[in-house]
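Multiple structures follow.
There are two complexes below, and they share subunit A, which is joined by subunit B in the first and by subunit C in the second.
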Partner chain A sequence: MTNRFKTSGYHLAMGLVSFLWIAPILWVVVISFRSFDDVAANGLGSLPHSFTFSTYKSAWQDADEFRALINSLLVTIPAVLLSLGFAATAAYGLARYNIPFRRTVLLLMLMGNLLPPQILLIPISRFVELTGYYDTLYALIAVHVGFGLGFYTFVLHGFMRDLPREIQEAATIDGAGPGKIFGSVILPLTRPALAALGALSFTWIFNDLLWSITVIRSGEKMPVTPALLGLQGLFVSSWNVIAAGTVIAAVPTLVVFLKFQKHFVSGLAIGAVK
Partner chain B sequence: MTATSIESLPETAPGKSSRSGGRGRPGWSGRQPRSRLHRISPLILAFVFVPFAIEAVWVFWPALQGFWLALTNWDGLTAPKFVGFGNFHDMVSDPIFRTALKNTAIWLVLFGGLSVIGGFGMALLLQKERRGVGIYRAALFTPVVFSLVVTALIWRVFYQPDGLVDSVLRGVGLGNLVRPWLADPDTALYAVILPALWRQIGYVMVLYLAGLKAVDPALYEAARVDGASAWQRTRYVTIPQLKGVNSVVLSVIVIDSLRSFDIVWSMTKGGPYHSSELLSTYMYSTAFQSTQLGYASAIAVVIFLLALAVILGYLIRAFREET
Partner chain C sequence: MAGLAADRRTFLKGLGMLGAAALVPGCATSTTNSNSSGSSGSASGELSLQSNLSAEQAKAAMEKLVEAYGKTGGKVKLNTVAAEIFRTQLPTYLTSANPPDVYTWYAGSVANSYAKKDLLLDVSSVWDGMQNYPESMQKLSTGENGQKIFVPTNYYWWGMFYRKSNFAKWGVTPPKTWAEFLAVCKTIQSKGVPPIGIGLGDTPWVASAWFDYLNIRINGAPFHRQLLAGEGRFDDPKVKAVFTKWKEALPYFDPKGKSFPFQEATSALLGGKTGMFLIGTFFADSAPKDALDDIDFFQFPIIDPSVPVAEEAPTDGFFASKKAKDPEAVKKFLAWVATAEAQEIYVKNSSGTVIPANPDGKAADTPLVRKGKAMVQDAKELTQFFNRDSSDALQPTADAALTKFLDKPDQIDQILKDWQAAAEKVFKA
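Take a look at the complex of A and B:
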């Protein structure tokens, strides 16, 4: 009897906490479907008295969130692929071959990723200006690749190092060169780690604000995360449109999370267990 | 933290037995660096060198420049003028810098401390696999996938003068507490910490859940047989077993706190009257709004120095496990 009480009490409490946790999101979704007149008349704190899609149309077309989303994908997808690709080759070389100073190289690469980005902001904005890449998506891709590489290399190195060497020896005896071994033996075995890092880096890059506002200036080149901030200036006090814009900007990472949930969570857990 | 942790991934790497024999890799036998180089194919050297060079161009070189610029006065137009430690000297008498430093400390304690307590508590409550737990975990975790800008806007909607926070306060008779939360210098910083916590607790919870999963269940069994209460099991079995996770969480939290920028920039830009200014936001506005590039670099160096102990600890731990 007491046990059943305990169980229902637990679920009651946790259900309430979960609901409160999600409530802000639900509330913003509700507001995003309210009309301007409704919000103006009843306030943001009231229950909805209207239902409209026009907010989404405003955010999508007038604020051009469509283009911002495209920009985000144009940056995020190449940046994820390039940084994981480069990190995988570096990790392979460092983990499976006796390269001189390999520990120093790995240490330096990880250290670069742990630096506070603030120390890099001014030199990088200067550097992209001097090379003529200021205000281009290329600059943003390059920054993300350069800054993320260290961490991805470190994680993949730990993973590749623990693959049994017999596999590699067998492939060597079969006459496979280092490139072939990488492509057809090591890389396929590293897939779980690549998936975890892929899901993680997608959200990191997609959600970035600091680098975007540092190397990009024109509104039409902004990815969706910084563009969302601009929405506030564009639709001052039209909180229903801002809410719709927020929902649109949140959908891609939510989709990636739901689709790769398992990888995503294990990716975050990397590093938690020593 | 690397190798063993990855084993908690859905599919694990085959055979950790290789670790003991891992020294017999191809290309190992050469003793002198010179002969080693001959044995390693150019492709492998390129595999390592190209990514290293990319990071050198985009991280190492800019970082060195950043440290150098911290010792100069620079407006971005004329050449930087070397001033030694002048910028650091100026900080001492800069009231905004002091506010930013104090707020960063508050941020570390409140944002860092509460997210550890909240995340650990939630992980304890949700560690046992039972019905519904998956839903609760997912609910707490959902905010983690949103960008901090999205988080900021969600909460700004709340804090609006006629928004939900005010409606609820008025509803329960606390209407006299109502104030412009983000525009009041007394509340702005705390009104920004709350959404940051909302997002961080789920993240810390996941880290602790992974840690708790790795604790040997036999330890709990033994403690239970010895008659330890639930509290005693937590205090004397769980917490000591989580030492490794704790140090990782600590580093993540300190590094995250010092890096925190997005949420403050999206909600208040450090205002009003610098009341929610952090070192990171002050650095950004000094660099890109008042273009005092030398002074801004010096602030960045301070952020780096504050993070240094944690960064070194992280590196040492990471590489102790490498060997």
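Take a look at the complex of A and C:
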């Protein structure tokens, strides 16, 4: 009896917490279906008095969200692949071989992560300009790879270090070189961690606003986050269109997360329990 | 066995060295990737125009404008960036090695601050063809060293906006003087409606309109300008007089106004939840189109008849980078946007509540715009707005002081002292 009471109490409480969590998102979705005149006349907080799909159309066409999404993916996918690739290679070397000063290297990478990125805004903006890559997507990819590398290496290092030594030794005896060991033994075993980091880094890079507005100035090269900001006018913003644009922009990260959800949870757990 | 183990260890060590060696070029390529000298020389003879007019209608109007210029044979590439990004990145744009050529911006101090740093192109020759512009615009567009640095294209006005039908319902008529204004407030309040709407959440700068207007009505525009330029003091008794006057109207402010932005305050006005609203004409963009016919405004009430009447008429336009690749082409474009014809194209395609800067340009022919234009033209003095007459750095000090005043009007002496201290820091920086 008490048990049942406990269970229903738990579900009620958790249901409430989940609702609190999801309420702002629901609110955005509701606003995205309201017409501008409805929002202007009744305010953002009121119940909807209208229903329209035109907000999605205007976010997609007038605000050019399609091109912005393409830009975002053009940056995010290479940046994720490159940074994870570099990080995995670095972590492999640092974790599996007695490289001199490897602890220093690792600490240095961690230190870079503890630094607030805002400190580097001006140096990066100037450096990118100096090298002639200002206002290009390459610059943005390079920045994201550079910033992600330290953290990803640190996480992957922890993961690879705990892989049994015997596996590698067995592979060595079978005649596998370091490259072969990396590609055929270590990398497949690191897959859960890679998937988890992949999902995380995808979200981070995709949702980034700071670097894109620092490194890029042409409207047509802007990724989706600054493009959404661009829907805000100087004084007046069409919140319903912004809401629709936000809903659209959330789709790619949502897909990636759902796809990697299984790996994500298991990857985090493996990394945590030593 | 032992020998084998040792062998294996040295073997692995060797591999480790190899792995490290493999890592180094990996890092090296990642840096050379962004290091290789690829100077982006985009010398295509096309002007680049960086615009902060990101609102849907204004953006479309800019596109029309550029298109029309294209028909005259000029080539301009419009690049619209979100207003907020533009505001923060403008110094970066102007100081970069390869800056955009032309920028949308505001006239007055905010433009002059860049001229002082020698970042703006001298457009005096463009002004040779703009003799019909009023002297106030000329002064506004002149930098400290006497060069013209700005080309105005349009302006708008501020006023006390209200719904005609509601005023009729409440039996009040637009007041002219401060005493009449307070009487109107009293009547509206007796009907159970907060008389004065305001929206300070997220948009605290809206309160500066009250400060600006009270100051130019009580102390006059020259004092106001000096104060904002750092030549006066905010703890001056004359400034305190502004707040004593403001206090008389404080009981009539909408208490909810502190929690929502001015856009919501517009909704409140239109919904009849507040009586009047001191705001710039840009608010019309956030009003449903069917409500606009019912909207009217009156001039901010006169307080001291002996003070020459001044109005806020923020002026927008263009300036150009000193490093523009083709200064002649830039000047040609600026000369074109100064024509009545070009400004009418913009006004017609934007929301229609702005007035062309060129006196010969025709504004939208609505009673509201006609009245606004007449008010601005009759004014003896024009001011821009708090941040435009001072700087974007001084605006937050005003926001802090004014919101605190609205909360705790009794602490006015302390607030003004704090404001002066904060302002001094800004002026010294």
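Rule of thumb we're sticking to: the second predicted complex is superposed on the first by the 238 of 274 C-alpha atoms of A that agree within 3 Å, B and C clash if a C-alpha of one lies under 4 Å from a C-alpha of the other, contacts with A are read in each partner's own complex, and residues count from 1 in each chain.
The working rule: a contact is a pair of C-beta atoms (placed from the backbone, for glycine too) under 8 Å apart; a residue touches a chain by one contact, two chains touch by 3 or more.
In this text the structure is predicted, and so the values were computed from the model without any measurement.
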Superposition on subunit A - do subunit B and subunit C clash or fit: clash
Partner chain in contact with A:Trp27 - subunit B first, subunit C second, else both or neither: first
Subunit B versus subunit C as contact partner of A:Pro226, first or second or both or neither: both
Partner chain(s) touched by A:His263 [first = subunit B, second = subunit C, both, neither]: first
Which superposed partner A:Leu107 touches (first subunit B, second subunit C, both, neither): first
A:Leu16 touches, of subunit B and subunit C: first, second, both or neither? neither
Touching partner for A:Ile70 - first (subunit B), second (subunit C), both, neither: neither
Subunit A: partner with more touched residues, subunit B or subunit C: B
Contacts of A:Ser218 with subunit B and subunit C, given as first, second, both or neither: second
Subunit B versus subunit C as contact partner of A:Asp62, first or second or both or neither: second
Partner chain in contact with A:Asn98 - subunit B first, subunit C second, else both or neither: both
Subunit B/subunit C common contact set on subunit A: 43-44, 86, 89-90, 92-93, 96-99, 125, 142, 145-146, 169, 172, 177-179, 214, 226, 229, 232
Parts of subunit A lying in touch with subunit B, wherever the complex brings them together: 11, 14-15, 17-19, 21-22, 24-25, 27-28, 31, 43-46, 86-87, 89-90, 92-94, 96-100, 102-103, 105-127, 142-143, 145-147, 149-150, 153-155, 157-159, 161-166, 168-169, 172, 177-179, 182, 189, 191-193, 196, 203, 206-210, 214, 225-226, 228-229, 232, 239, 242-243, 245-246, 249-250, 253-254, 256-257, 262-266, 268-274
Subunit C partner contacts - residues on subunit A that touch it in the complex: 36-37, 40-44, 58, 62, 82, 86, 89-90, 92-93, 96-99, 125, 128-136, 138-139, 142, 145-146, 169, 172-173, 177-179, 213-214, 217-220, 222, 226, 229-238, 241
List of subunit C residues in touch with subunit A within their complex: 8, 11-13, 15-20, 22-23, 26-27, 30, 33-40, 50, 52-56, 58, 79-85, 88-89, 92-93, 96-98, 100, 260, 262-264, 266-268, 270-271, 280, 282-283, 285-291
